[in-house]
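Okay, structure first, notes after.
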Amino acid sequence: MGTKEIRTALKVDLNRPAKDQPGLHNRWHPDIPSCGRIANGEVVKIECLDWTGGQIKNNDSADDVKNVDLTQIHYLSGPFDIDTAEPGDILLVEIQDVQPFQDAPWGFGGVFHRQNGGGLLDDFYPEAAKSIWDFEGIFCSSRHIPHVRFAGLIHPGILGCAPSAEVLAEWNRREGELIAANTDPSRVVAQPPISKGAHAGSAGPELASRVAKEGARTIPGRPEQGGNCDIKNLSRGSRVYLPVHVPGAKFSVGDLHFSQGDGEVSFCGAIEMAGVITVKCSVIKNGMAKLDMKSPVFLPGPVEPQFGPGRYLTFEGFSVDEKGNQRFLDANVAYRQTCLRVIEYLRRYGYSDYQVYMLLSCAPVQGHIAGIVDIPNACTTLGVPMDIFDFDIRPEAEVVRQDMGSCAFASK
Amino acid sequence: MGTKEIRTALKVDLNRPAKDQPGLHNRWHPDIPSCGRIANGEVVKIECLDWTGGQIKNNDSADDVKNVDLTQIHYLSGPFDIDTAEPGDILLVEIQDVQPFQDAPWGFGGVFHRQNGGGLLDDFYPEAAKSIWDFEGIFCSSRHIPHVRFAGLIHPGILGCAPSAEVLAEWNRREGELIAANTDPSRVVAQPPISKGAHAGSAGPELASRVAKEGARTIPGRPEQGGNCDIKNLSRGSRVYLPVHVPGAKFSVGDLHFSQGDGEVSFCGAIEMAGVITVKCSVIKNGMAKLDMKSPVFLPGPVEPQFGPGRYLTFEGFSVDEKGNQRFLDANVAYRQTCLRVIEYLRRYGYSDYQVYMLLSCAPVQGHIAGIVDIPNACTTLGVPMDIFDFDIRPEAEVVRQDMGSCAFASK
Amino acid sequence: MGTKEIRTALKVDLNRPAKDQPGLHNRWHPDIPSCGRIANGEVVKIECLDWTGGQIKNNDSADDVKNVDLTQIHYLSGPFDIDTAEPGDILLVEIQDVQPFQDAPWGFGGVFHRQNGGGLLDDFYPEAAKSIWDFEGIFCSSRHIPHVRFAGLIHPGILGCAPSAEVLAEWNRREGELIAANTDPSRVVAQPPISKGAHAGSAGPELASRVAKEGARTIPGRPEQGGNCDIKNLSRGSRVYLPVHVPGAKFSVGDLHFSQGDGEVSFCGAIEMAGVITVKCSVIKNGMAKLDMKSPVFLPGPVEPQFGPGRYLTFEGFSVDEKGNQRFLDANVAYRQTCLRVIEYLRRYGYSDYQVYMLLSCAPVQGHIAGIVDIPNACTTLGVPMDIFDFDIRPEAEVVRQDMGSCAFASK
Amino acid sequence: MGTKEIRTALKVDLNRPAKDQPGLHNRWHPDIPSCGRIANGEVVKIECLDWTGGQIKNNDSADDVKNVDLTQIHYLSGPFDIDTAEPGDILLVEIQDVQPFQDAPWGFGGVFHRQNGGGLLDDFYPEAAKSIWDFEGIFCSSRHIPHVRFAGLIHPGILGCAPSAEVLAEWNRREGELIAANTDPSRVVAQPPISKGAHAGSAGPELASRVAKEGARTIPGRPEQGGNCDIKNLSRGSRVYLPVHVPGAKFSVGDLHFSQGDGEVSFCGAIEMAGVITVKCSVIKNGMAKLDMKSPVFLPGPVEPQFGPGRYLTFEGFSVDEKGNQRFLDANVAYRQTCLRVIEYLRRYGYSDYQVYMLLSCAPVQGHIAGIVDIPNACTTLGVPMDIFDFDIRPEAEVVRQDMGSCAFASK
């Protein structure tokens, strides 16, 4: 009569290699076997590893970040069969809660090495770096980026249903074309399927081998599915409408973030964690046609941390690159410039550039497309909530330079 | 003793050609003569024409939009000398209020013709279109886009100080290089200085001719100055920190918007209007060095319309273009796709695509850079406040198709 | 075609005695002649004097507050006949904007003398005091209460439709009974009709005399009508549903406030001003029965100043009075205690008690009924937005005592 | 290195009688033995029973509510000694999280019988009633009040430090005087100490007997301490400043609420639950003198559910009672009338009055003191967030009467 605990649809083991856990997988493929069923309308808890499957440790060296094996990421929980779901339906996922594990109240953010992952600012900050964040209830703080503290806008970086064979083929086609067309050997433009590191859940050897060969990598979000959208606002209380491409939907979730800023600019930039997500899964029959929907849609939840509009110190950036080259309506260049402006500003207080770079990636900063038609300049803005600092960062306030310690770096 | 009216630093005349009014100008140049002085710390009202200088009329034809003379835009009010301002200072502008003229309580939004201005979606919507908006206090509504009504996030599209000769030269250099490098004759990538249509305020013939030849166009915002940022959040109560490049700052403002959505996607997309802005101008000596500032920074005001996070129906878009081509971390493509997703969704209620396109440009929609490092897909989101509609647009609600009339189009 | 100015339904003259202006009145009575018509669905501007009709001046003496003639207040604009309105209908008033007059950008707040008006804390602060507030766009500040500045939550203190003869008789009955039952001669418990000072608009002598004798005073709000509710949230964009008791509704409005705190504790406590209100009036036929409505209902507007929940320093108060007497669930005593707690706290920064008392009355403080059933203590809270101060009032911040000058007092 | 679980300072047993658990107590007394220590600056989890200690069951009868033993409530967890805390200090409690037990995701709200507890509207609704609420992550809904669902503004109803002997004596004096002065035998005005039902934690028999005789009841909040303030905004992330009266502070907490409306009008009105609170306890030496503090002060947290100001349908009430008697500035009468207005309004949709009465008590409604000086009428407002309903309650929307089932009642 309402008193029973919510069912945990998948348990994970923090002390066992991720690749040995049959309820996890790290490729998108229609044939990865389901690890369980969820009834239409059921509420379940799903446990998740952090996105690296435990490769990153709570210590003061970024060697693990530098040497991370990106062929293994992301370890997702699932796939789950949802009763009654058929291709063309929508799976409505209400994210009722996301929590870290009680006995692991910490997470990490990182800057990937330029040669192994990189990030939006890797031309400027090519080294690997790391910050460990401790959780106290809804708040987090870091010994590696002192004097900031904020409430987490907690969310899953990834959720989505399995692609059909057709959708998967389309992904491999178009991303393959991009790779084939790339003429800059120093730049990885996309990650094709790769057998190394692949984990196909409970698949037998033959199927596992096929999944490893064909399965799409989980790094990009994709329009047909959602996937790794890294949308910070998919927090507690959100309702996400996901396209269904295969019978049973084969829903997977993972890459939990305690907090993230718009853009997740340093790539490993959110506060990554293992934890538990509570979801309610409902099927909207024939929903894709009803909503005329090609990509996921969502309603955010009502409990986002609120700072008041006047509490965001907001920086402007334009699509003129750091060498003075004019770029045509390039919002990426604009956003990169916007991030650099914030780094220049916060540097004055004693932070290192790497500290601010990671902070921008994980704190609840607001990254907006301001103007995108005023040729030739795109303009983006980045709003930094001033109340996450324990000192006054308003332009009018006196600047007091403090000892901000250091984030973790890799050994040379 | 506090009772006197705030001084109006510039009056404009709605019934006189813009080009004949000496307090207006439509190029950025250090030598345009000042039209007045503002004391350091003074509050003044400044009247502004709409950005086209009155070319667009309150009627039901988009012929005026189709044939708009873009060499004349934007007519700005100014420049004003600010007492004590010197290069290297910051001009702090507090936007205390923005209002339409009492006897002209209306504005317009438009879609430019692909051959004359264009916009983010001009590949899909090449025709000119127009919508007229009527103001009732803080609210606006349109006979051309029925069943929506919202409070204006009223703001100036443009404010900034004059460039120095060096800054101007740099603009002309880098934008010239972009134009020179352009190989697609069907695409205007930037607007170089052009004598036609230039208005240099009260300059005498010789100076006017030089300004016309050298002066930077006002269309793009630029990093050194701000200018046409089209940032919707620069509304009542905002504090903007602007770099000063010339003695006296030579501050100009214009392009008032009753409301605008992030991106202002249809280019003439905001609700454009003539009106009055109340500003307080203060000089921060040596501010650029103090703040380590290269581009403007601002604090939004406290009175933005608030809908609650859960009231934004939010659409996702990715950098895969409409032909299925994978683009590399291209936020512009992603935002374009996001806009198309909204159009597909709202079309179901009876709106034409052009109506939605204009609505997205002018309503207070939130355009976020969600993920910008998950190669190869940039992901952007666009949040539409559901409460601006007088019917229920939630995905769960039944769709009732209504007669939505039509926006204004150009004659064939 | 939408371009015409909104009609001004009533103009007032700031330089002419209020009692000589036929579009004003200061009693509630069904027979006060209408001063104009408003169509069902029409938007109009209505000009209003300040509630005292100009008795209070912009100077540094509170003599005018001390000697204010309370028999004259409040001067209201109206009544207006609303087309089609009949008893039993609801008049829906959308408050589209409220503005001070452009040439009178100031207002006043006051503490009434204990013998002439009083207020919630008159046992503690019996003297008259005054503060003048200057308006800069949406912001206000005062030479009498320095170091605070805030955006106005601008609103009318009074709006309502005329009572019917029956409703008026009921008011006079029940308030008369309260007066008759009062045994404390030092306490005025209610204000009965009084001929002195009465203004019946354009009524002829005979009618004016009857209105003066029978007309209800405007000081209290009343359940059947609304009236002087002093609800700070009836700001721009609000929609108020008002009961209609007489043919034509006879709608009146006045007592404009630039800002007010919950409770308006010092009685003359809001920032009182003359100005213009823009309203849209619509009739809902038979609305009172449809909504089962006995008292007004409203929806606030979307543009209230937002500070973020964590920016309100919140004080608790209980129904134990200052002498240690336990009062039974008395929310008034609790709120009085809560106000005293704020005064004690802010006094540390150099403010006088009178300054804080007036600040609590006019700043957008949030006064909540927290617990009202935990016998014997009612608990109320009062949230003070910290961002209205230009110094840091958080409990952790160091207290720096400043010279806060003085508010205006009456001569001895 | 940050990875260890937060210490649980007290565990409770849901299956063991509350009175047998030594870490609980239900009276305020300086001599109740501490149940543990908390270091200055430490973060701990504290488990709590529901306020009745388990008397109310998850079923469909309100017999348990009708017959509740109020001498036993509230069972609080503690007291805890806080290292270094001394009288005159402030205990700063940061509420980092509040959660229901994972295996008991439910709570209850109730209307007490007029003869056993009562509530604000017991003259109108004298019967006992009950509603059971099921939790799904941050949301709750009830089989007894269908068609509503909302995010919990989760908080502890009670937290405070032990009174000193002097403070306790003062409480007993002043509440005793109120009881002695009461002339209405049908009205319980306060609850004096009573030995029956008292639980003094781990006290030995002699001390327990003394505590039972002298200990203050926990029902009212009190100015010197806080205690049962029932402030809905003391939610996740709040920082509460509590006066310390005894060495070690002797901090207790309990009466967890999943959600509550301002006023908690039905007395057992919040959604009462057992659960876990995570707090950080810090001592501010000599804080009471520093802050000039007599009663607790707090800063709310940043994650309150946000609806947008325009989404609160707001009702007005005045201090004219239901019989037409005019009461003098009585905010309690006004708030009672305001609640009745809401009941009349929502009744139209099919709800019973008892259902709405309970809903007003537990949903996040905003109860404001609007005007408290406009003699003779106090005016209060009550804002109901429209988005908690799955149907449209705006005044303009058509009313569709639904079968709303029934809340639980007691057997006759």
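The first chain written gets the first letter, and so on, giving A, B, C and D; residue counts start at 1 in each chain.
We take it that a residue touches a chain if its C-beta (ideal position, glycine included) is under 8 Å from a C-beta of that chain, and two chains touch if they have at least 3 such contacts.
Source: prediction; values computed, not measured.
Minimum number of contact steps separating subunit A from subunit C: 1.
At the far end from subunit A, in terms of centres built from Cα atoms, lies C. Note on chain placement: the centre of subunit A and the centre of subunit D lie 39 Å apart, centres being C-alpha means. Each chain gets one centre point, the mean of its Cα atoms, and the points for subunit A and subunit B are 32 Å apart. Multi-chain contact residues of subunit B, defined as those touching 2 or more other chains: 237, 301-302, 304, 306-310, 387.
Residues 1-6, 43, 58-59, 94-97, 102-106, 132, 134, 136-139, 143, 151, 236-237, 278, 280, 301-307, 387 of subunit C are the ones that touch subunit B when the two sit in their complex. The touching residues of subunit A, when paired with subunit B in their complex, are 90, 118-120, 170, 174-175, 177-178, 188-191, 219-223, 226, 228-233, 237, 241, 262-267, 269, 284, 287, 290-302, 304, 308-310, 312-318, 320, 324-332, 335, 337, 341, 344-345, 347-348, 366-381, 383, 394-395, 399. Against subunit C, in their complex, subunit A makes its touches with residues 306-311, 387, 392.
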